[in-house]
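Paired with subunit B in one complex and with subunit C in the other, subunit A is shared by the two complexes that follow.
So, the complex of A and B:
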């Protein structure tokens, strides 16, 4: 198994996940973060710290979100590792409220 | 290699001691060494081997979590980092002596004392701290001589955290399910002869209040010879309905428990999750025979017969001489990572990880925690400059007369390689050395 970043991250990108990842397996582009499934050790530490509940274990994803497993794998291979927190994207707090979080 | 294999630390810059080599010790070191400030870190560890609870706490059948040691090894090879193994702070060197030699001292000593239940009979033969059992099956030198009599048919684990589930699962697994893990050989031998067929995992709360995680609970779906169950009399129909539908973790946990409550047991062993029961007394003639439980604030006693009990109701940190202690929280008294006696901060003394915030969170939680403590250290360093009166290398020279040997990270690499060689013919990732003498011999080989 692995953990997967899903659509709630887009437009927020809070990056709290990065500070608790024990193995630095988060990658980043201008939109969101991605988990490298090869390096993730399944500790699950990132799940409760995400302000918008964007991260889930792969087996718990709804059918219409399963495609995020491949997106994470592919984008993690194409993007750099994020080693520290970034400021959230502009409008993140508004989007968070919109998501009811 | 000898103690002189310790590389010389950078003589310029700040000198920082980290006490403890578990996750939080490594992560505070990482944050300090990455700060771009001239400094070096000496990590003190009482055993010859690093990684703390990743080696001695994480269950042997959770190998993926142990891959985190690759991150620790990366931190350990950062210039400016030294491992000083085999030196027990508080025994071989006092906190005050460390503080005289370092600009800052960070305690990352963990939470190694199991809390007691506070009920009669707790010390009967057959009643054990869960932490002792965990240390034993993980080959911790301090627990290798513990005796666990698995000749009885029923065991009870008191507590609903992830450690309780680890203990129950190790009891539930067959020797074949454990044989190719890094479980200590002495434990595998005893577990292979276990006659236990009923395991009660008892907590005082409702299913929604259990502290264990869904991920740990899922492991019980995949046991070769053990079914999981929940007794219908312990739960109300809506106990499996999450209050907060927005919480997928809780929803999964309750769905798993609901599944257990509907399952028919067919396998040789059964693990029964019990709810709403607090222990009142452990009874037996000379050894554990039964545990009296009652619902909180109720006189209705239910006896659970068993020959073995594991108490898993939390942990606290061992107090250190010279360090104020927070009795209520069971940690070194601190103000967001700065050790403090009441409102007065002790200059140059810090804490991180479980000994700062108590035993909670995953391995990664300690990374954020270590970073936060490192920020406090870095903010204070300019003011701490010139405070220390001695040199760390002079301290190490004195320590060489107090301990048989100071273990370097290179020594650990040799011990690590020897353990892996021992494990290979058995199909195990490693066969751990379970005595300090054997660890030291491997470092010398």
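So, the complex of A and C:
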């Protein structure tokens, strides 16, 4: 089992998650973050700190979001580890409002 | 909408005691999150409490006093008023005291909530005053504590934050990422600076997977490894002679004792190759600063106490204590100046008390112990023995006794509460006030209540005020407010609280004890061990009275101690049940069962809640077998299996994993009876035997068989 970053991160990328992850399992590209499922220790510590509720445990994902499990696995393998917080993407706050967060 | 943030602290029996921020909107808690300002817990919670508000507002909460209206255990209850509940209890107790004496009343509790005023000792003054049977609570680290007292005394040991300076880190029977996860970043920082991480565990846990070296060990044989390390260190002259001469006693006797524990002997017992044992000893002794972190599991077998004795000798032998980040970490709780006497009130005890150990509950309730007077009333709070205590069948039989008057204070109708005559609603941490020690870091925490109590729930402090009043107690100390109790519970004049004002702790939520910085503190660089000799006692000077349980775990009572003679030098006691020590038994039950903490539960807390049971893989009890053990039994992943021995059985669906050592079955504890088709938990199989010291349980010292259903 693992935790999974989903669509709410796209266009926001607040990266609060990386400040609490004890095992550096977050990876990043220009759009969003991804969790390396091999490294995730299932503490779920990132879930409550994400300002846009983008992170969920895999077993809690709705059917139409299950594909994010594979996306996270694939993209985590292809992208660098995120070691510190980045500035949110431009327009993040607007998107956050749009998401009702 | 009025939105506020309230700072509090996690109530659970976990070393980390996280600082928690609760968001409250119009009187309702809408979210919890970690407090990013806390230097140790750093803004993260864990899978147990990430959604704590769901526990608080669960529709399964008990919110009003209940009385039983059906047969015992049938879960048929009816709401009553607090007045009726308290009146019923007081009337029953008074008549039991008149007819049988106060010893017929037994309190039963542990750390369901760990706060200083609502936790371990909150009921002690009342039961001490009544003269009820003393509850000897040896759930956790009691054997380890006795061993610790006998070796290096009640020292906080290495500051967990000093691990960043360590170069060799030995996590011994400790799954840090599962049960102490806020310590991990400090370990990780040390590794980035070049430290080697070694994990000793029968299971390739999440922590072991990330280690530089995982050493699988047969359950219950850890002392053989520690003694062989001592053997190698002495034989190869890797000792720190100067430190030994100045700050230890009994070196020559230890050297003689250790001479018999060769790596070859230890290899036979532990299953670890002798070469690896030698390598471990050499690396440990020659890579300063070297630190050992022991987990609670290390005590849970026949020789658990002497295991901790042997391990606690290691740092003294190599002078590890001289370095910042070198030494041993067990429980930093010893740093907190808690006024235990004020909390427990042993001064109220009659001269002679009767003591019942927590692992003898089933035997006591069924009359097997021959208690006179028998137990006629059981008062349970902060505990769920039906899920977590050994000899489950016996316990159930006892709880079904019609003449036993059982009261349970709880959040939920637990496996224990269902047998109650009266159930009382307890507050969660968001609804109560407390001040907290930690047994995993050096920060004092304050838990501000975030919301009003739900329904008619009350904190344990209020529960015991009501009971004391109903029992006719007039001593005003029983009726202090929570604020007065908090003020009185700590020695504010102690140097470690200098410069710390209660009001500041309350406002900020935490304060680091006033101790030297983790970056330059080596607590026993110059000896100063809190032992009778002031030295690290390889040969203990306090074994004269035999085995004992630290009075903190027995309501402050020090009479009627175990007293079994104790060897003053560390030695190896083989497991009560394993292939080598009991080959005949092993023919019938060839697998060793271990029952570690579940990743998503805190003991039996959360074993009934949807998010955590889903995280644990579903509502069914998890059981893991090595492929080599599964295959010959025709078991594949998902096969319904029965795990059994002479004491009992439970059923589950198998999981197959090479992470478990061959010959070992791992069934995490904390699941409730409902998670098991046989209506049992793992403790249906665990033995009632005590470990050698401190009456610790022997839960990792069990043989079982596993078969398809």
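The working rule: the second predicted complex is superposed on the first by the 101 of 101 C-alpha atoms of A that agree within 3 Å, B and C clash if a C-alpha of one lies under 4 Å from a C-alpha of the other, contacts with A are read in each partner's own complex, and residues count from 1 in each chain.
Keep this in mind: a residue touches a chain if its C-beta (ideal position, glycine included) is under 8 Å from a C-beta of that chain, and two chains touch if they have at least 3 such contacts.
Fair warning: this is a prediction, and the values are worked out from it, not measured in the lab.
Under the clash rule set out above, the superposition-derived model of subunit A with subunit B and subunit C contains a clash between the two partners. By the touch criterion defined above, A:22 lies against subunit B and subunit C together after alignment on the C-alpha atoms of chain A. In the overlay built on the shared chain, the residue A:60 is in contact with subunit B and with subunit C.
Look at A:81: by the touch rule set out above, it reaches neither subunit B nor subunit C. Shared-chain residue A:71: touches no atom of subunit B or subunit C.
Shared-chain residue A:100: touches subunit B; no touch with subunit C. After superposition on chain A, the stretch of subunit C that runs into subunit B among 222-230, 366-374 or 582-590 is 222-230.
With the contact threshold set out at the top, residues 19-24, 41-49, 57, 60 of subunit A are in contact with subunit B in one structure and with subunit C in the other. Within the complex formed with subunit B, the subunit A residues making contact are 19-24, 41-49, 53, 56-57, 60, 100-101. Within the complex formed with subunit A, the subunit C residues making contact are 31-34, 36, 42-47, 50-51, 177, 181-182, 184-185, 188, 206, 210, 599-600, 611, 614-615, 617. By the touch criterion stated above, subunit A contacts subunit C in their complex at residues 1, 19-24, 41-49, 57, 59-60. Against subunit A, the residues of subunit B that register as touching in their complex are 23, 27, 64-68, 70-71, 213, 215, 246, 248-249, 252, 361-368, 371.
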